[in-house]
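Read through the structure below, which is laid out as structure tokens, and then see the notes.
As written, the chains take the letters A, B, C, D and E, and residue 1 is the first residue of each chain.
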Amino acid sequence: MSKPKAGFYWCASCGGCEESVVDLAEAILDVVDAIDFVFFPVAMDFKREDVEAMEDGEMTVCFINGALRTSEHREMAELLRRKSQFLIAYGSCSYQGGIPGLANLYSRSQILDFVYGGSPSTANPEGNRPQPHFHAPEGDLELPTFDSEVKALDQVVDVDFYLPGCAPPPSLLKAAVEALLSGELPPKGSVLAPDKALCEDCPRIDSKPNEPLISEFKRPWEIEIDHEKCLLAQGLLCLGPATRSGCDHVCINGNMPCTGCMGPVSRVQDHGSAILSALASLIDSDDPQKIDDVLEGIPDPAGTFYRYGLPHSTLFAKCGITQGNGET
Amino acid sequence: MSELKIVRRIKYQQELDLSFGKDVAATPGGEDLYKCIQCGTCSSTCPVSVYMDQTPRRIIAMTRAGFKDDVLASNTIWLCSSCYACTVECPKSLRITDIMYALKQKAIAEKVYPRNLPIPVLAKEFFSAVMKTGRSNEGRIVARVWLKTNPLKILSHAGLGLKLLRRGRMSIKTERMTGGHDQMRRLLDAVETARAAQPTR
Amino acid sequence: MIMEKKSPQEELRIGVYVCHCGANIASKVDVESTRDFAAKLPHVTVARDYKFACSDPGQELIQKDIKELGLNRVVVASCSPQLHEKTFRNACADVGLSPFYVQMANIREHVSWVTEDPELATRKAKSLVAAAVRRLAFAAPLETKRVPVHPDVLIVGGGIAGIHASLILANAGRKVFLVEREPTIGGHMAQFDKTFPTMDCAACILTPKMSDVKNHPNIMMWTYSEVEEVAGFTGNFKVTVRRKARYIKEELCVGCNDCVEACVLKKDRVQVPDEFNVGLSRRKAVYMPFPQSTPACVVIDPEQCLQLMKGKCAQTCVEACERAAIDFDQSDEIVEIDVGAIIIATGYKPFEARRIAEYGYGKFANVYTTLEIERLVNASGPTGGELRLRDGTTPKVAGVIHCVGSRDRRYNPYCSNVCCMGALKMAHLIKERTGAEVFNFYVDMRTAFKGYEEFYDQILSEGVQFVRGRVAEVTDWAMTDEEKGKLVIRVEDTLVGVARRIPVDMVVLAIGLEPQADAGEIQRKFNISCSNEGFFLERHPKLGPVSTFTDGIFLAGACQGPKDIPETVAQAGAAAAEALCLVDKGFVEIEPNTAWIDEEVCSGCKTCIPLCPFKAISRDEEKRIAVINEALCKGCGTCVAACPSGAAQQNLFTDEQIYEEIEGVLSYA
Amino acid sequence: MKYLYYPGCSLKGTSRGYEESILAIFEKLQLPLQELEGWNCCGATAYMAVDEIKALALAARNLALAEQVAGNEPVSLVAPCNSCYLVLSKAQRHMEEFEDIGDVIVKAMREAGLRYEGHVHVRHPLDVLVNDVGLDALRRAASQPLNGLKVACYYGCQVVRPYATFDDQHNPQTMHELLKAVGAEPVDWSLGTRCCGGSLTGTIEKAGLRLCYILLREAKVRGADAVATCCPLCQFNLECYQGQIASMFGDEVDIPVTYFSQLLGKAMGIDERTLGLKRLFVPLTTAAV
Amino acid sequence: MPDDVSLPIAEDFQPRIIAFFCNWCTYTASDLAGTSRMTYAPNTRVIRVMCSGRIDPQFVLAALRKGADGVLLGGCHPGDCHYQAGNYKCLRRFRLLKRLLTQLGIEEERVRLEWIAASEGDRVQKVTNEMVEQIRKLGPLRLEKIPTHPNGEAAPAPAEPMATATEGAVS
């Protein structure tokens, strides 16, 4: 009997997610034994036609990483959705929009103007802009069109599961694959990671004071960071209290504060404002001016609190409902 | 023996105009008109009330009640010297001086003021002088006022005029603006148009 | 997703009741169309409108539907929950429906009474109803907690209000702590000479009550003491009291005044004005506030006593005291007491007449306040009851000015309620003692209670001159010879319609009543509210005149608003009764709006712990998560809003309920 | 802080002495006043009766000019005439308080190529001298103190009413303090802010002169050597009608009526001519001085 | 979704404002406004919470997302909180939330925090009317319109989002 077929595709992404597959190390061999990769542009030479040629639902599972911003992203997402039984949003970008999602702070035209005009490194006297159709002597070229905003995968197609992380920790990927193979699957729309915040199993939690009031926010480069002590207690802006665990604390172990790539836990609707509320509440002053002074330490709230999830945030979520976590 | 005179004092509602009070209340400074509790502080603090036919308090009461004709005919509004004593003493913060201005304006608008009363004339004279020169020259204006209201006065005050002249406190030549006169005129005309554009209070 | 997760198992059967409140609601809100709108909302089994939902038939209607239509949730769209939530909760509880399955929509205070346009009012009402219906889907059948009540009562302020309330409670067998900041109880009433309208002597009716207080076994009378801190909640307050050092052993002193005689400070050299005689006389460093002071115990003023200031003095007082009651080593004492109820009776502050420059108080020697006259005509006062001007002469003409500092936007916009009667009393006393011609200058004469108008009649017949007009100025520049050397009162005689100048020898200012200078501090200490002018705010102007928004704390007397003695005493009685019924009931039911932690979700991030002002949250080191002590939680929900995992939740105000309310109101805004 | 000088019509006419003394003392205090270029009549109270908004617009123009001159610098527009002082302040406040007035004036000014942001600070010289220059500085500047000259400090109405900007409305003290500082001895009287009749003296004499009489008599009763004023019209009324008053009320009321600035200047050793003291009808008998 | 159910906005636009009022001060104040018959704009919808400390920034966002044009937060004056300090927590969150919202292109005036004591019924009237007027001037909140930075300064430095954008454009 033939092995279950799997696909692995990237949209607006950095390639880190593909790396995470490689990070399975020897475990990858079991995966390859168990699964038959039928589409994996980074690793193997399959073409879109090959996918189109498949029966609908021929693939057992398809992992899509990266955010979606172009017509091509959408076409591929729809195509792969059709061809696979389970579609998994893989990595922060595909799950919540990720870092590319921050582009939504700007309008399409603002971006194009900057990139093809304003940016210091641009020399574009003719003011050329990418054209969907282009006639070259060799023949006609078709380029994907550039959407008005960045979307998460579930804002384009129906998604079965989410595998968060930037990039997703191999342990979660492994667990997910095993679950798929064994057929013991959680309810549709689940996030395939623990539903508790990072502090829960943070190695430094005991060094966190019981009254973690904040009198100053510091940037990592400003201080000699203690390797044992709770980073928040050291004045660093750590999103651990509001961010899903399951990342194996790679950042914390690397002595860096959590930046929230795993997204919020399921009872939280809006990751950014949830952590905002937690942190602001702890500021150790009742005086408006002093409060503002402390908050000076957060120069870019939007970029900080929505680093990985702007397209999924309450205000920016484009299609009212998305499946999966919190948002109703 | 002067024979007994009788006048009808009763007021029939049809003789009154309740909208009068509302108009006055709608002018700047009139907003608290209806908050008056008739305590009389204005009248007793007023330095000129001794000569008023209606005390300021009564003017307020009558205005509210719509005694339009009596109010505009009263000498009170003309005797008000804008010393603002009533305004700052009023326990209910009525801006009585501003209300008096509003009433003066109404009286002038409706041309119902005692003919021999120089104040409206003064106001007008003042206005035209300013229009002409952008400044006022008290001597001149007062003289013209008297000329129109009570020419004899000029003679009786000639002495004073001379004294002033001698001490260089009154000049024959008119003080004029140092430039910007047209601008000022434009401004005043523009007020007309701007005001016309506005929904009337 | 949250919704699927939490939405209730049982099928919802909601009844919606739209109240007309007579015309109060119906005149603005189209109750019929609101009813029909509600009927179409999901899960609504029945929707009715009713004239008075809070009436017995109204409640019975709801109960009937619960029984017959098997309703399991009820929405009442009527007045503010502050008013009738309890009513409808009880009604439902009586027929076995959890009181917390009742939701109110405030379409009176928040809609019909504040909206002009009927169409928009109706729309607003509908959206509030929609919200209430949706919110109910997530209501839970909670248990109200019962907490035992401490039987003792604290009364703050030993004026006539505090005295009266103490006696009532003490006679009812309750233990009362009466805390007064002055060295004696008695308050302002003790300073008065006579009391209107009956003109019986204040001391004669007050001092017996004062000694009753002193001698009552159930009353702990703590004078010269102040409340420092108040913790806890209704039925269980923990109060810290500072008992200021008196430098006298209270239990030993018999008030013989020998020490006062002995005090080396020469009376005339002492620069302290006698508080009790409002500065009309002076007192020594050790003094008895007034002859009938209770306790009859002297006090040493540390600001004046050479021994206490400089550490060296002949200490003639010590020799003089046979009972060795003087103790310079005394220091303030901090006492903690537990009480179940608190009555605040901190009284008022007389208006500072200097603030009205036009009346020349403090500038012209012979301008007095009513309080000063009370002392001057009092037999135990500085002049032994002789009403004399500062130069010792007797006034021939006196003017009494009403409404001083009252009914005036620049000072106090409110009517001080007691001044008209007080001023009439002044007129009477001045006439009686000096035979002077008396003018009373009033704006409106307010003599609205039993026997008051009769008193006015009496004063009128005594020949007092009444001029209706507010005095603009008391001045000293003369227009006529008669005015030379006199105080001239400038006023319009509004009944005649002319301005007048009236020369007088003496001016008496009927000063109004103001909140105590430290009312704001007291308000914070006891966590109650103040109204705009600074008097303490009652829970409801008609239906809760002696209650505050903080359960277990009641108001008596002028601290709640200007009051005369009869009204004060009546209110003190009411406050005592309210306190009594709280402590006698023996327990209080606590609204179960406490917060709790969802163990499944809490990551133990500790964010919530420092946010709780009541220290109700701690960390369970076993489970490594936060836990909330329900007994300590007051249900503010601050921790809930801050929890970054959504693990903290608040009963009656869960995230779901509020999200539903948001969507509800917007679904028909 | 920039100081611009708004003379107003009177200081160019009947009250030349006021202008001369004000300019002289500010000069001597190294705080020279720069006259506002192209100013126009403030709009004066008399005008209010005819057309309030126009009156206010006139005032507003002056404010706008002042703002122009000052640029972004904070600017005080010093108006020695009580009436000007009031009308300018009133324009400012009314424009803020009453939208429709504000709108009309702003529109009109735009038409006339003017704009006003509301940054000008309208000041009375009394205010500037006591609160900016300071009493100590004045004490130091007083080379020839007025040793004990008895002065009835007369403020008039409109400097403290209706807006009490720098002093108490009922019992102003600024002039008292100022003259005390330079050696004068203010008499104690209650009429410091009682009206002098304003323009009534010129229109309804009987009413106007009675008020002047009350003031002059009380000043004498209180033993004043001179009355010190801070308003052209007050000074004019109290001084120029003394003859008529005497005959009308059969009571001698001759008393020198000066501007406070003239007394201050005198104390600072500025000569009488420069201070315009020679322009007085009743010479300042400086017996006491 | 509620947005669909809601009535179409009339040409004379009626702003929709959600007000979160604390039970002890501001809610009572608006009851008082009622008992004193102070009429004011009918555009607010009051949601009662026990303390302004209960107001979760997520509520504010949810309200805006679900169709509110503005959100008004009301609590006891500093020092007067019925729960001692809840209003300060609210203040702390509000200061940061404000900055976040401006960055996300939501106008200042749309979210407002006011301290209103139980006795200040008139302030409820005043504040409500003011806010309704301000928002009427701003017009309805159109989340689709976001992002737009009339004054770009609100947004983070353009560098890194741009990079991703170009990648998106040519991949």
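One rule holds in what follows: contacts are C-beta pairs under 8 Å (C-beta built on N, C-alpha and C of every residue); 3 or more make two chains touch, one makes a residue touch a chain.
The structure presented is a predicted model; accordingly, all values stated were derived computationally and were not measured.
Participant: Taking contact as defined at the start, I'd like the list of chains shared as neighbours by subunit D and subunit E.
Facilitator: For subunit D paired with subunit E, the chains in contact with each are C, in label order.
Participant: Among all other chains, pick the one whose mean CA position is farthest from the mean CA position of subunit B.
Facilitator: It is A whose centre lies farthest from that of subunit B.
Participant: Name the two chains that are joined by the greatest number of C-beta pairs in contact.
Facilitator: The chain pair sharing the largest number of C-beta contacts is B-D.
Participant: What's the distance between the Cα centroids of subunit B and subunit D, rounded to whole Å?
Facilitator: It comes to 22 Å between the two C-alpha centres.
Participant: Compute the distance, rounded to whole Å, between the mean C-alpha positions of subunit A and subunit E.
Facilitator: Roughly 29 Å separates the two chain centres.
Participant: When the centre of a chain is set as the mean of its C-alpha atoms, what distance in Å lies between subunit B and subunit C?
Facilitator: 49
Participant: If you average the CA atoms of subunit A and of subunit C, how far apart do the two points sit, in angstrom?
Facilitator: 58
Participant: Which positions in subunit E touch two or more other chains at once?
Facilitator: Within subunit E, residues 3, 56-58, 62, 85, 89, 93 contact more than one other chain.
Participant: Give me the residues of subunit D that touch two or more other chains.
Facilitator: Residues of subunit D touching two or more partner chains: there are none.
Participant: Two or more other chains touching the same residue: where does that happen in subunit B?
Facilitator: Where subunit B meets two or more other chains at a single residue, that happens at 50.
Participant: Every pair of chains that touch: which are they?
Facilitator: A-C, A-E, B-C, B-D, C-D, C-E
Participant: Using the touch definition up top, name the residues of subunit D that touch subunit C in the complex.
Facilitator: 168, 170-171, 189-191, 214, 218, 221
Participant: Please name which positions on subunit E make contact with subunit A in the complex.
Facilitator: Residue list for subunit E touching subunit A: 1, 3, 56-58, 60-62, 64-65, 78, 85, 88-89, 91-93, 95-97, 99-100, 103-106, 143, 146-149, 155-156, 158, 160-162, 164-171.
Participant: Can you list the residues on subunit B that touch subunit D in the complex?
Facilitator: By the definition above, subunit B touches subunit D via 28, 47-48, 50-51, 78-79, 81-85, 87-88, 95, 97, 101, 104-105, 108, 117-120, 122-124, 126-127, 130, 134-139, 142, 145, 160, 163-164, 167-171, 175, 177-181, 183-184, 186-191, 193-195, 197-198, 201.
Participant: Under the touch definition given earlier, write down the residues of subunit C that touch subunit E in their complex.
Facilitator: Touch list, subunit C to subunit E: 80-82, 106, 108-111, 113-117, 120-121, 123-124, 127-128, 131, 523-524, 527, 529-532, 537, 541, 549-550, 593, 611, 613-614, 634-638, 640-642, 650, 653, 655, 658-659, 661-663, 665-669.
Participant: Given the complex with subunit B, which residues does subunit C contribute to the contact?
Facilitator: 358, 403, 407-410, 443-444, 468-473, 490-494, 497-500
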